[in-house]
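Both complexes below contain chain A, partnered by chain B and then by chain C.
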Partner chain A sequence: MRRFSWVPILVFISLAVWVRPVAAQQPTPSDDEVNAIASQLYCPVCENTPLDVCPTQACHDWRELIRQMLAEGKTTDQIKQYFVDHYGARVLSEPPRTGFNWLVYIVPPLAFLLGVFLLYRAFRTWKLVAAESAGDPLHAVAPSHGSAPAAENEYVSRVEEELRKRN
Partner chain B sequence: MLAEFGFGVLLLALIVALFSVGAAIYGYFSRSDRWVESARRSLLLTFPLISLTALTLIYELATGHYELQYVYSVTSNEMPFYLKITALWGGQAGSLIFWSWLLSAFASAVAMRKWDRDQEFLPWVVAVTAITLAFFLSLSIFFENPFTRWWQTAGGGMLLSMFPPQGATLLVPPDGQGLNELLRHPGMIIHPPMLYLGFVSFVIPYAFAMAALITGRVDDRWIRITRRWTLWAWLFLSCGLVLGMWWAYDVLGWGGYWGWDSSEVAALLPWLVGTAFLHTVIIQEKRGMFKPLNIILIILTYVMVIVATFLIRSGLLSSVHAFAQSTIGYQFIVFIAIMLVISVGLLIYRWKDLQSEASISTTSLWSREALFLLAALIFGGIFIVCFWGIFFPIISEALTNQRMTVGPPWYKQAVGPLFASLLLLMGLATLSSWTYGTLKTIGRAVWKPVIPTALLPIVLFVAGMRNVLAYIGLTLAAFALFVTLYEFGRGVGARARTHSENLLVAFWRQTARKRRRLGGILVHLSMVMMALAIIGIEMFQTTTQKSLAIGQSIELSGYTIRYDSLAQFPYVDGRIVTRAVLSLYRNGQYLGELHPRYDLFPDGQPMAIPAIRSTLADDVYVVLVDWENLSTAQTPFKVYHNPLVMWLWVGSFVFILGILITAWPEREIEPAAVRVNATVPKLSST
Partner chain C sequence: MTEKTSPPAGLRRTAPVWVQVLIWVGLLAVLIVLAIGLFHAQNPILSVGSKVPNFTLTLFDKYPYQTSTQVRLSDLRGKVVVVNFWASWCVTCADEAPYVESAWQEYGPTGQVVFLGVDYTDVDAKALDYLKMYNITYPNGPDLGTRITPIFNRNIAMPETYVVDQQGVLVHQQIGAFQSLAEIQSVIDPLIRGR
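Moving on, here comes the complex of A and B:
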């Protein structure tokens, strides 16, 4: 008898393991819970229509599928992954951060920083040109990339000072 | 017969436009005023010609000539008269005619101006506008002909052709397909004309810029001539965008006005570079700086106008495959490439001349021009984000055969900080001064508006707000608001002192005299209002969805919405309307009825029209959803609570007013204001 005393325990444990998903089943998930996930997904067949607002019958069925998966205890990520596996990454509202898709995240900041750099450099150049032409009216048009002589800067700043005082 | 007439006149318009290009260029190089005048008159002639074509098409649309494929595809017997007319821009072929029509109108207006002192620009302004016009006309004639008709061949087959094929007879369908129901909304009816007006009016400043580059007269003249054109273009384009938002909010039932859809973003592209241009132009006007930048920006604006039209019209936004089937996609690419190469070539050719007139002074990094430049850079940044957001999915599909969605989360994290920094810059630039503004001078001016600004987060915290991003956004908006008011008040005060007027008189005279400045202030105030609306909906929108039986209610953000009844009935145009009646309460107080509708059209297209109750504080937005389940026993409603959205529309009106005040032709000339200038140097800025 003692040899079999572990059997009920094993049965109990396996029952517990088996029963758990059933126990996790809630009363039908609400529309809000479904929408919370559907709003993060795009209709797989329409053009640029979020799944939570798409009026087609197909999307209605997909929303019901989400409800069913929620009832089965699936997490948001699992449900999203299911849609990606079946319909491709286009159902996500932004491209996954993998491989080629990194470009979508990297290019704009790089381009913007490049813009900042170019504009800053251009601004410095313009300033230098301006400073030089102020110092030498005869050569007011010649752009130069070298730095302006200190004397000229001094002269310019004195003129500026005078102008400011007048104001 | 009418179709042949319309097509013939269209062909004539193209020949005239091409002649105009040739005559203008020949006239310039042979120094013959008579040829240039001939070119100018030909350009003027295109307007009546294209008007005739457009009116012919409108007549065909209004009288239901369904043998025309275009008429068949966008109108039907049951459509009201006004919709049949506006169907001119309801489809591809008609839109292109409409584009050409507007462009010829603007080209004529510009050709009729007094050219006395700017005679040398004339041939090139004519040539550039006429080239653009000829491109669009040739698209209509060779690829998207609105006068193409249905024919029945002797063998019983159907085919489309402009001219009767051998042995074929004209096929006249009894009814057309009709305009897409979603587009039958006032917002959507005025949206395309406004957008197109904005698009075509940006062609004019571009034409002047090209004329300046070619003739070598790269001083400020082209900018002074086109300032008003640019403002009008900006106004039209902005109106077009706002009308599109109103339509989306009112018709789509998505609970918002902007979904970062590619076609929305495409229309935003020219607006963004155009806005940057508008700011850098002021620097050149005031200080004679950044000339190449202005040329670059206007070239980019023009190219984006064509790109936006191309994106919306070529099917590229749907998929690469739709693009491959498009009849006009490649033509657009070739045209864009040619114009870009010529423009950039000219820019490089004149680069040295553009550098030459730098202003004689040292310019601080905190001066107003530097801050304007920074603002332009940020607009450029938003432009890059939008451009990439549109083109990445296309590139991805072309290279990896996998289409990606670049949706709201991506755009929001990218442009959110940029828009926020624009609010900050708006305040700082107003406080700074031309050339000499330094951190110190800004600091001296900034503390007064900062005091009320600093109170705001405290008030909000006490009121219970705990959203960090909203704190940042609202504080920046408040800063921009107080700075604008403070600067205006300072101007009025200064005027009252120097002219010994009382404050009211000074206020009135200040607003009447400094119109351009007043316009600027209104535009900035409108930006604050729109920022408020955006913060409201982005950070405080709440939503819930629930199926109700009659008598049950939904609670959301302090509102109670009770479901009273549901009715279903057919409407004259064949759609089945399902209409719910709901009662709206707040804290037990009855506020009124809401009637969300669900329309099912005979062709199977559903349309959920929201019921919206708007106040300055918030909107309650109710949609009937999941139509296949509709029944009185269980009716699903989706409710959105959208705080502050109304400010978007209010802001739009203030914005339009501001631009109108600025762009309206000036009559009186400011009397010598030496005294004012001597006391308050910042008065004459912006």
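Moving on, here comes the complex of A and C:
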């Protein structure tokens, strides 16, 4: 019995040697993890196709590259930077906030605010015209003239005043 | 009858001059950007007879130019430069690869012609496998940041080859694959002195 007392030790050492490389290995990143990054990138070849849904062989290769880089412990930013370095900033789904790219972020909100301002002014003008027309008997009879130009209202008022004076 | 009339208060108001100027300048800027974009879209390719803008190609370690892993077009003035765009995922690139390599084997030793392979949007490992598979030996490198391709053609279709003469002028554009070595020779021979 004593002759076999070294067997458990041997088995333990063997297990330790066998398990160590497995523990050091990164788990293979799942498709979801790969696609989470791929969806932030566009296919460098096919225009306007996100990398996560692009069906070409080239895109498959790039997704595998992302998987490999994730397995190597690279962060999302590092992977995206690799793609920018290799294929240009056009692969990013969101253009980097530098140089002319700022226009993409600035122009739409400014255009929206300008639109709101113009609408506000237009509504205000229409309201004023409507308010002035409300006390105008001519417009009361013919509401279709409610939006007549202001100059016309002035002339009508003046004509009425002259008629009153003559009477 | 002499009294002055004026429009309602709401209609008298107009935007300040600086706002109006800003709006018109903004609209003009947008129109200029659109015009430039349309112009580029209609003229995507560098035309024959144009001076080729300078570029720097970073080469794969195993595919240097002489001993350098970077090559500038301007450094090759005085030589005919054959710029071949390819990718490992491009099937027709593989069809023409043997012809291009044969041409390099023929013209490279003369020192009058330099071949540059530009790997367009590729995975480095796949590209190196491709170069090894087709026994390609001329200088090759990735188009880092896709900066070189748009110089020649913004709507590139693989493969494409551009031949630049000794003065840096584009003399030939090959859209699609070369079909034979003779086809390449017919482009390069007239450019080389004494042939």
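Going forward, the second predicted complex is superposed on the first by the 111 of 167 C-alpha atoms of A that agree within 3 Å, B and C clash if a C-alpha of one lies under 4 Å from a C-alpha of the other, contacts with A are read in each partner's own complex, and residues count from 1 in each chain.
Throughout what follows, contacts are C-beta pairs under 8 Å (C-beta built on N, C-alpha and C of every residue); 3 or more make two chains touch, one makes a residue touch a chain.
All values reported here derive from a predicted model rather than from experimental measurement.
Of the two partner chains placed by superposition, only chain C is touched by A:V45; chain B is not.
Looking at the shared chain after the overlay, A:T76 reaches neither chain B nor chain C. Once chain A of one complex is fitted onto chain A of the other, the partner contacts of A:Q57 extend to both chain B and chain C. Once chain A of one complex is fitted onto chain A of the other, the partner contacts of A:R90 extend to both chain B and chain C. Counting the residues of chain A touched by each of chain B and chain C gives the higher count for B.
By the touch criterion defined above, A:L65 lies against chain C but remains apart from chain B after alignment on the C-alpha atoms of chain A. Within the superposed three-chain model, A:P108 lies in touch with chain B and out of touch with chain C [touch as defined at top].
Taken together, the two structures place residues 57, 88, 90, 107, 127, 129, 153 of chain A in contact with chain B in one case and with chain C in the other. On chain C, the positions that touch chain A within their shared complex are 1, 5-11, 13, 23, 26, 30, 87, 89, 121-123, 126, 142, 144-147.
Within the complex formed with chain A, the chain B residues making contact are 252-255, 259, 261-262, 289-290, 293, 317-318, 355-363, 365, 370, 373-374, 377, 380-381, 384-385, 388-389, 392, 396, 399-400, 402-410, 414, 436, 543-547, 606-608, 626-628, 636, 638, 678, 681.
Contact residues on chain A toward chain C in their complex (touch as defined above): 44-45, 56-58, 61-62, 64-65, 84-88, 90, 107, 110, 114, 121, 124-125, 127-129, 132, 150-151, 153-155, 158, 162. Across the interface of their complex, chain B is touched by residues 30-32, 35, 42, 47-48, 50, 53, 55, 57, 60, 63, 88-95, 100-101, 103-104, 107-108, 111-112, 115-116, 119, 122-123, 126-127, 129-131, 133-134, 137, 140-141, 143, 153, 156-157, 160, 164, 167 of chain A.
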